[in-house]
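Below are structures written as structure tokens.
Next, two complexes with chain A in common: one pairs it with chain B, the other with chain C.
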Partner chain A sequence: MPNFMKSSLTRISWMTRLTFLEAIRQRFFAFLILLSAALVLSSVSFRFLDFGHGELKFVCDFGFGGMFLFGSVLAVVMSAQLFFAEMDNRTALTLLAKPVSRTEFLVGKFIGVWLVLGVFIFTLSTLLGIILWARCQELTATAIEVGKAPPELSITGLLSYTGMQWARLGVVAAMILMVASLARTFLFTVIVGSMLVVAGQLQWLAQETLLKPGELNFFSKALLSISTYIIPNLQQFNIGDALTLDHGSVADGAVTLALFSGTCYIVVFLFIGSLIFRQREI
Partner chain B sequence: MNTGPAITVNGLTKDFRIGLRGLKLRAVDNVSFEIPRGQVFGLLGPNGCGKSTTLKIILGLVSPTAGKVSILGFPFATTAARSRTGFLPEAPYFHKFLTGRELVAYCARLSGVKPESVNHAVEEALVLTAMTEAADRTIGTYSKGMLQRIGLAQAIVHDPELVILDEPTAGVDPVGSAAIGQMIKSMKSKGKTIVLCSHLLGQVEQVCDRIAIMDRGKLVLEGRVDDVLTRRDQNIITVENLTPDARRAAEEVLAQHGAKITSITHPRRSLDDLFRELVTGSRDA
Partner chain C sequence: MKALRVQWMLAIFCLGLAGVIAELSWTKVRVSIPEMGKKQIEPSLGQGMLLGILGGFRTVVADGAWIRSYVLWERRDRAGCEALMRTSCLLDPRARFFWENTGYVIGYDMAHWEIRKRGGYAKVSAEIQDDLFKKYAQHGINVMDEGIKYTGGNVGILISAGQMSELKLKDFSQAASYYKRASESKNAPWFVHFLCARALWESGETKKAYDWYREVWQKKLSNEDDHAPDDLEHLRFMEDQLHLALLQRIPRQSWEKNN
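Moving on to the complex of A and B:
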């Protein structure tokens, strides 16, 4: 590896460490992880509803809902907060006066935030996995006793879903850092970022509308087409039920395609973000 | 080794846009100066005169509207130039959860110090800034003076050729200020070039080789400290036991040569000297 690349990776890794340490200490992170864990654990108390196969789906929906909702909130708020903390507290002044490029600064911030989001998502996923596995054992024993088919649970599927959620949160974090590099305030970043996340979740509607023939004029069609490229389709990462409880219903290559698309969006958002950030006066 | 100036600023101008209508505020107005290597250069001026903006442009943190800057032979503050430069910002703020030692080590790694040399470099910087004892405390517990000293340590840990200090003595007591003055002299003796922004004019006078004074974005004076401060048309003679007769005799002799005594006063020591004489150590160590 060339020396300049090695030095650059070293600087990025140190920026990442600092961001990770700062993020993991935040009360907001602790609060959200406790709240989400409580939500996942509380799903067990709905056992009395006894839905059979449906019970696992209920627990899954509870857990996935917590990971999705609180993960999104954490990705938006933490990315913006960590970026603006450096700007407002003027620690960025000290860091960027060192041989750290703006791109290295932004990439280091992104990886640091993404690692924290990884801790969040994998912790919740582990909790959910334990709950699902334990309940699946009980339901399987009951099903065998009464001569029914045992419920299906794929831990590998749950892991795939966790990876996909982590990728989705990576796309959100990169998108927020791109907005932050342009924005002047934390509040503006959070509001615009949240709107983009909602737009990303609903992007599939634009795709569906485009597929219906003759419903749109040329201008609307062009506008929708452009929006489907600019705004990532975040809904494609939400196939947790299918992956965990009905693995066969997931189309071949869907996971790979979603991860590839997520990676491309992360790279593009960080690239645009660093171009904007280079012009920013510290 | 490159022997050209450490910093060359030529026709530097910076306009900030204010408000939605994009009104311009000229923060730096056609400023030019050179800082020779190995010297201590004082950049002075009232608050808001454009000193910090000039320093930020030199460091590449702000882009100029017009003009050119070269730093250590590089046409602008490239990564290579910044790896040979140390910077202590005004009122420095660091991540409070790090200890002083962690911060300095972290800055060493960011500045390109090799992993095997980090511990030695950190120790050296902590000793030079007298921060060894407090190095393992978190930065959140530091006093203002200690923050400035740890800021100085992070600025010099990679042994830079050029050190830029923006108000290093702000909020520091006279003993701490004197210690920082000593550190600057010590760095100068090692051949470093130092740019010092400060409101402590007495200290600037003591440690700087050259000064520049800015006012309302413009450079109003630049030159060697001795040249700009010495009044060549007057002399001071310090005399012990001057009796009235001796004074009259001296006046007569001087008059024969066309010279005249304009004032006779008792020498005073500065308040700064008196304070440092009475107060032996800083309380924040």
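Moving on to the complex of A and C:
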């Protein structure tokens, strides 16, 4: 590896370490992880509210909902907060005065945030996996007793879904850092970022509409086409039910392609973010 | 300056490329998300179900929508009740409960609500009443058909659709076709074979009903532990009604009761 690349990676790893330590100590992170864990743990007690779903599906849904909702909130708020903390405290000036490039600063921030999001997602997933496994054992025993088919549960499927959610949160964090590199205030970043997340979750609707464009005029068609390329389709990472409870229904290579797509978006958003950030006055 | 412009062009190109890859990925992933469809989410718009559509807590939101639909059911609000019930179906399309009960409410209750809204049973003529019962029953069956598709042919929904065809539409051929599909599935309940034969019989295809029932009994039911004596009794009744000769009948079983 060339020397300049080695030293650049070292600087990125410092930035990552700093960001990770700063983020993991935040009360907001602790609060959200506790809230999500409580939600996952309480899912078993809420079974009586359920109508006709499989019990494992209900528990899964609580866990996946927690990962989706609180994970998104954490990715949006924490990425913006950590970026603007450096700006507002003027520590960014000190850092960038050293031989740290703005791209390295942004990439370091991203990896640090992404690692924290990984801690969040994998902690919740482990907790959910334990609960699902324990309930699956009990339900299997009961099903065998009454001569019914035992429920299906795929722990590897849960692991794949966790990886996909981590990729999704990575896309969200990269997108927020891109917005933050352009924005002047924390609040603006959080609001625009949240809107982008909602748009990303609903982006598939634009794709569906484009499949039957008969009723659309040229302007709407062009707008929809552009939006499908610019806004990432975050719904492609939401196949938790199929992966965990009905593993056979997922097409071959779907997970790999979704992860690849997520990685592409992360790289592109960070690239655009660094282009904007390089021209920004601090 | 030129280098920056090139970088920006490269960034835009890469963004487009990422979009193409995402599109490819979505086509692969989409089949695993049956609840996703532009047309299917239309009934949920304006129902406050955004979180479920976005992707989190789908089951919980579906349950919430179902509870809310009960309130509208009590108020006999046809449009609201159906919209919320369809929302539950959309958010969790693999659950039998939502499809079956939505079909029941539409097929069995809503015609009565409309008759009452039009002034009551005394004011609405019998023809119009009959027309309304059939219209709503067909609508309920259509909902159940969707459920059958999404659940991969759930036996419970098939039987319910057959029952509604029989009771409300008086279409015994249609009922028989639903019962037959239920009878052919792996976990068919013991009574569904008789329901199918009876519906075929009522539709006027008496010989066809007997032949089909006899084949099922000989190939499947007679191999069960108790040899399905009730089904054989029904077959004997059919043989009598069809005036079959002794040799055309099912041979007498050693365990069969004397009548």
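Here is the rule we use: the second predicted complex is superposed on the first by the 274 of 282 C-alpha atoms of A that agree within 3 Å, B and C clash if a C-alpha of one lies under 4 Å from a C-alpha of the other, contacts with A are read in each partner's own complex, and residues count from 1 in each chain.
What we mean here is this: a residue touches a chain if its C-beta (ideal position, glycine included) is under 8 Å from a C-beta of that chain, and two chains touch if they have at least 3 such contacts.
Here the structure is a predicted model, which is why all the values come from computation and not from measurement.
Novice: Looking at the overlay, does A:R90 come into contact with chain B only (first), chain C only (second), both, or neither?
Specialist: first
Novice: Check whether A:Q137 is in contact with chain B, with chain C, with both or with neither, and answer first, second, both or neither.
Specialist: A:Q137 contacts neither chain B nor chain C.
Novice: Considering only the touch criterion stated at the top, classify A:E281 as touching first (chain B), second (chain C), both, or neither.
Specialist: The first partner, chain B, only.
Novice: Give the label of whichever partner, chain B or chain C, reaches more residues of chain A.
Specialist: It is C that touches the greater number of chain A residues.
Novice: A:S220 contacts which: chain B (first), chain C (second), both, neither?
Specialist: neither
Novice: Applying the touch criterion given at the start, work out whether A:E22 contacts chain B, chain C, both or neither, answering first, second, both or neither.
Specialist: It touches chain B, and chain C stays clear.
Novice: Now for A:R11: first (chain B), second (chain C), both, or neither, which partner does it touch?
Specialist: Touch partner of A:R11: chain B, not chain C.
Novice: Thinking of the overlay built on chain A, is A:C264 touched by chain B (first), by chain C (second), by both, or by neither?
Specialist: Only chain C is touched by A:C264; chain B is not.
Novice: In the overlay, answer first, second, both or neither for which of chain B and chain C A:S101 touches.
Specialist: A:S101 contacts chain B only, not chain C.
Novice: Can you list the residues of chain A that touch chain B in one structure and chain C in the other?
Specialist: Overlap of chain B and chain C footprints on chain A: residues 279.
Novice: Enumerate the contact residues on chain C facing chain A in the complex.
Specialist: Spelled out, the residues of chain C in touch with chain A are 4, 7-8, 10-11, 14-26, 28-33, 36-38, 41, 51, 53-60, 62-63, 66, 92, 94-98.
Novice: For the complex, which residues does chain B have touching chain A?
Specialist: Of all residues in chain B, those touching chain A are 56, 59, 61-63, 79-80, 82-83, 85, 87, 89, 91-95, 97-98, 106-107, 109-112, 151, 154.
Novice: Along chain A, where are the residues that touch chain B in the complex?
Specialist: Against chain B, the touching part of chain A is residues 7, 10-11, 14-15, 17-18, 21-22, 25, 89-91, 93-101, 279, 281-282.
Novice: Once bound in the complex, which stretches of chain A touch chain C?
Specialist: Those residues of chain A that touch chain C are 46, 49-53, 57-58, 61-62, 64-69, 198, 201-202, 204-205, 207-209, 228-230, 232-236, 238-239, 242-243, 249-251, 253-254, 257-258, 260-261, 264-265, 267-268, 271-272, 275, 279.
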